[in-house]
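Per-chain residue numbering starts at 1, and chain names A, B, C and D are given in the order in which the chains are listed.
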Amino acid sequence: MAGNTFGTLFRITTFGESHGTALGVTIDGCPAGIPLDEAVVQKELDRRRPGAHAAASDGTPDLRGGRLNPAMTSRKEDDSCEILSGVFEGKTTGTPIAIVVRNTNQKSEDYGDIAFKYRPGHADYPFRAKYGVRDYRGGGRSSGRETIGRVAAGAIAKAVLEREGIAVRAWTSEAVGIPCETFDEGAIEQNAMRACDGAAADKMLARIIELKAAGDSGGGIISCRISGLPAGLGEPVFDKLDALLARAVLSVGAIKGIEFGAGFAAARMTGSEHNDAMRSGTATAGGAEPGAPLSGKPDFLTNHAGGILGGLSTGADVVFRAAVKPVSSISIQQQTIDTDGRDCDIEVRGRHDVCLCPRIVPVIEAMAALTVLDLLLQQKALR
Amino acid sequence: MAGNTFGTLFRITTFGESHGTALGVTIDGCPAGIPLDEAVVQKELDRRRPGAHAAASDGTPDLRGGRLNPAMTSRKEDDSCEILSGVFEGKTTGTPIAIVVRNTNQKSEDYGDIAFKYRPGHADYPFRAKYGVRDYRGGGRSSGRETIGRVAAGAIAKAVLEREGIAVRAWTSEAVGIPCETFDEGAIEQNAMRACDGAAADKMLARIIELKAAGDSGGGIISCRISGLPAGLGEPVFDKLDALLARAVLSVGAIKGIEFGAGFAAARMTGSEHNDAMRSGTATAGGAEPGAPLSGKPDFLTNHAGGILGGLSTGADVVFRAAVKPVSSISIQQQTIDTDGRDCDIEVRGRHDVCLCPRIVPVIEAMAALTVLDLLLQQKALR
Amino acid sequence: MAGNTFGTLFRITTFGESHGTALGVTIDGCPAGIPLDEAVVQKELDRRRPGAHAAASDGTPDLRGGRLNPAMTSRKEDDSCEILSGVFEGKTTGTPIAIVVRNTNQKSEDYGDIAFKYRPGHADYPFRAKYGVRDYRGGGRSSGRETIGRVAAGAIAKAVLEREGIAVRAWTSEAVGIPCETFDEGAIEQNAMRACDGAAADKMLARIIELKAAGDSGGGIISCRISGLPAGLGEPVFDKLDALLARAVLSVGAIKGIEFGAGFAAARMTGSEHNDAMRSGTATAGGAEPGAPLSGKPDFLTNHAGGILGGLSTGADVVFRAAVKPVSSISIQQQTIDTDGRDCDIEVRGRHDVCLCPRIVPVIEAMAALTVLDLLLQQKALR
Amino acid sequence: MAGNTFGTLFRITTFGESHGTALGVTIDGCPAGIPLDEAVVQKELDRRRPGAHAAASDGTPDLRGGRLNPAMTSRKEDDSCEILSGVFEGKTTGTPIAIVVRNTNQKSEDYGDIAFKYRPGHADYPFRAKYGVRDYRGGGRSSGRETIGRVAAGAIAKAVLEREGIAVRAWTSEAVGIPCETFDEGAIEQNAMRACDGAAADKMLARIIELKAAGDSGGGIISCRISGLPAGLGEPVFDKLDALLARAVLSVGAIKGIEFGAGFAAARMTGSEHNDAMRSGTATAGGAEPGAPLSGKPDFLTNHAGGILGGLSTGADVVFRAAVKPVSSISIQQQTIDTDGRDCDIEVRGRHDVCLCPRIVPVIEAMAALTVLDLLLQQKALR
């Protein structure tokens, strides 16, 4: 199982299974001199923690437990991180940063039944076909807990990007069939769905309570905006900014699609509708020689391109949307086969999320931040 | 401009600008003993050639010139390839294969005006911001001609995959606002749009003639199916099969989105609707120990997952759809700025495609084949 | 500080500083189904442990403490490893294996003086020039403790190679000016120098006691033999077996040179002296088509090539020698400058090794095993 | 045959066989704006060209043919290069640079006999064992002609380094058993051996004429010095400057060993002899924060370390020596086996070099330059 490494210059390797001893990440290539302690990482880990949630729409912020978030599993996990290396006197030294989160509440007995049956929608069957063996305890490496390492590394990437004036922000723009109708950035971390529309969030939560009662689940759409990027980020052929973001985002378990700017709607537009016209802007960037000031930087009158042309950032906000499939673990009876190849039925018991959107938001932010930072470092190399 | 290399074990590096001396590709990691000559590569290059086209819907096949394909530029290019290395006595030797296609018909004078203005929808501005210099002759490296190297390498990847029983097939499923309504596989290479519905293709061509008259352009959607994959292909975390396919496909210039299986529609489904039920199949694959036979292989009753679970192939067909934006070069007057940062207008003259779909079909096939072959070789390594 | 990752398919990332919280390694790409527990790793870690040693030449084996090894620092460290992931029911699952060793006996106060002076022979000055900051506690990342992660990963690589019939063996062939005069493989782990000649080992130890009394140190030469390799391992251009072994071995802190087979002596030989003649052997290997049996495998009458021709293994033993520089930390007064650039003197106090040879032996074995296993997996991919 | 790619940010892929259509290289990651034309590349290619040579010791420079260099094959090859991409208006654009050299004088009939016999000292047997097929025409990919791509890319790397004040210089310090006794830098390109001692060069040439008459061959030692490096280049663990140089240099066909600074002699020194003392220097470099000025830069009173400590450049000259084995192709009768595994004799006919030293000098310079430039770009990324 190769493929646990992400990035070229800011390079992370994640490890750990849902019911093993610990999960974590090693980060190679972090610049020296960045202020860092466990709190920076813990803050982001808490956003993806099972049982954690933003305040409900009544405005009560409650980030470490408290009132139940109906979208999420009732499994309680502390997910406290420890930084093992790479930090000295409160700053990164440039050496690899290893971060570990120990598993404390696995309850693997919940999963006994699935040792012999392939759960529909899960990777059980292809895992077995690939490796011959399978760690059936809660999905093992294919569990959502695998994202702990991503979020921990993403927290550091975000901290580095912030120093460059770059911000990555994601939110739920649709869930369980209910779209947001307004965009209120301040609402995002104030409701349990991380939706950009508090009223829609209430409807989503009501629908989630119904789905939970029926033993069913739902999906949704995450939107993400990266602001403050210089123009020219990305590499023009295989390492296009959108190509690398797509790989980063599709590498998150439940994501089934991504679109940039107008996305699939662009397929139905004409060139004259789709092209983003430019007018003279006020700021300057880039240069006649690499590094020297360009005499002008455009304002784009629209952003159908999603801030990317020819795989390079244009200086406008990069915007994309990602489709989240419904949670695969449902307690409704489903048809499957067992490990001997015989037909059987399965009901997946245990404590599961109903809709992944609010917990995937920080994971998408992490993957976007990791992608952008890696390209930013590459950009510096060739200046 | 790093990022011209794709793949880990079957690794290609493409080179060349639209108006330079030549374009091509170097392939490192091709297995030895594969029959190969220029004809294998030329056949695929002819499918993406400007001015080339499948037969019109009247059934006249005409792959090397002949009747004008209204979707495509009238620029004539021969695009003959030469294999410089890696083949001995008609077979690959395992050494790098270099393939070159010389540019013969650049007509760079057509592009003079754009040396000082940034074309909307093109990468002109971010290229200048990134490098300080810009090869303005027909887009340079950001031209669609860059895909020649991809298609040449993809032809070889397809030849290797064919020996493993794996086939990659793409087609236009929607263009210029007109969707296909039937799926007739035999029709694909028999109409100028490479559409899976000959009647829809006729409507698309009629709409293209209108757009061309108006100096405008259109987009579309390409579908792709990979059949014959063993279960378990892909790596479970960052190198998920869908993540790597997404990166591969989004690295093609005009693509703005991708979705697998139910894709964005999955966001609105419940788990019970979306999960693909399994019943006992007849064939066997994989094994209790890596390589040994599994006692059963499922038939999936639906394929909402698009043949991928947890980033691994399930043994069902892998299916995805990609959004193609409208061609950016239009002769309608547009607002832009010049290289001194002043507002100006631009009309992009020259010979351009109206809709890229038919020419992108072989490029998507190439990128999918390159991705799958690379993972297949990695899979062998860890068996 | 990138560059903490080694390998392409069997890929390790090490982390940790000498006086930080912990050191360790993450291994990505380990095949599934390999028996593994902490004991497999601990056995190799104990071989490199400070204060640990093989039995003295009196024949008393004493691998976990006990009688003092005069070549080594008197610093006591337990160096107990913990496997955090990647193992289930006693076997590897194919997921990343994270191994951690906590620092327990740092005594960082010993190093206070060197915070402001650059130690001759150490990386203090270039580290400061590179990063601006420096973790001066015992060398930080440039400490010999960094090799813990290498040895832990190497233990697993050796276990995988053993299943393929491949053995990696290193030993001290010269130390503190005293060469071994016989080759007695059984003696290696029975003397405190890991020398292949027990009588020479006694002389080395006597010389080491003199050097220690004088506050000085010494170097030596490590030899290594890799047996059981199939012919054809390595890649013919940049990834030659000897090139990758050289990089692996020179990446170990104190190594200043490497030579394969006749090595530098080959520079003075004629072709007729140096070429290894071949005679018909008995076994078969390789094949007319990749994978099929070759009709004959040569016996090489000499091995001046060191088992490698054109960067590929020949089937003969791979043999190389590596030069170990004298330990840089000496308590003799030396000229240096301080961090303000002023001339000063320094005596490096603390508990240090006198000669690194016995402790570097397992590190060289680890690096050789990691290199060979990675190439073996690549070889399988292209079969 | 993977492994034809070298470098991370300045990344080259070479291709081509000795008797195929062409050889060459693709360079990905070259900074934009570097002046470049064929002459820059041709100059270096001419230095490694068969039949080419520096002036004989009589002082007549003759770089394109003319008087025979007795050390070299009499095969005449023009080796004219063509740049296919990546250059626009005389400067690099940042896009991949492809360079091709066509084979014009293969005379493959000379090699007929070796199709069925494995030449001692050559990679014939392991190649066959690895791939099942073998391109027996002059060694195919394992021929010395493979270095054309390296030298072409190295010419560009040197041009980039020169702008940073970094110079790479190699020379023959010993050949066919005769060591240089003086170091006269000006002599190097003025004698046919590229030796740093013109009188020694005359003796070497006399010895070479004897060896040639006997059908035999000889080896030698190449020295290399890299000057002008900033302190801190290299990465501290696996990507140590010496480790990467060792891999680069050992990847050249005939090299059997490498040593840095005191090298193998260091194994016999004490720490007090070996450590390079420091005194306050005059210049400043590096900084208290990355990029800021350091208050002092040391002068090293000796350079036993070869300019590298802990894998990082110290600011002193980097110096290393590489052992060149005798040419394997000799016309003296040797014992071998044929492709059916039967004992036989072989005399290798054809036009061969007697001693590779003068032709390997530019190859070593190229590999050193490629290594250093790649690390320099990585260094910039993390500043």
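Throughout what follows, a residue touches a chain if its C-beta (ideal position, glycine included) is under 8 Å from a C-beta of that chain, and two chains touch if they have at least 3 such contacts.
Remember, it's a predicted structure, so these values are computed and weren't measured experimentally.
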Problem set entry | Chain pair showing more contacts of the two, B-C and C-D | C-D
Problem set entry | Chain of greatest Cα-centre distance to chain A | D
Seminar exercise, completed: Distance between the CA centroids of chain B and chain D (whole Å) is 39
For this session: Just give me the whole-number Å value for how far the CA centre of chain B lies from that of chain C.
Result: 46
Seminar exercise, completed: Whole-Å distance, C-alpha centre of chain C to that of chain D, is 27
Seminar exercise, completed: Residues of chain D that touch two or more other chains sit at 1-5, 9, 14, 29, 32-33, 94-95, 130-133, 141, 236, 289-290, 378, 382
Seminar exercise, completed: chain D residues touching chain C in their complex are 1-6, 14, 118, 120-123, 125-133, 141-142, 146, 174, 177, 211, 216-221, 230-240, 242-251, 253, 256-264, 266-281, 285-292, 294-298, 301, 305-306, 309-315, 323-330, 332, 334-337, 339-343, 378-379, 382
Exercise. For chain B, which residues are in contact with chain D within the complex?
Worked result: 1-5, 9, 11, 13-17, 20-24, 26, 28-29, 32-33, 82-88, 91, 93-98, 100, 130-135, 137, 140-141
Exercise. Any idea which chain C residues touch chain B in the complex?
Worked result: 8-9, 29, 31-33, 94-95, 236, 289-290, 377-378, 380-383
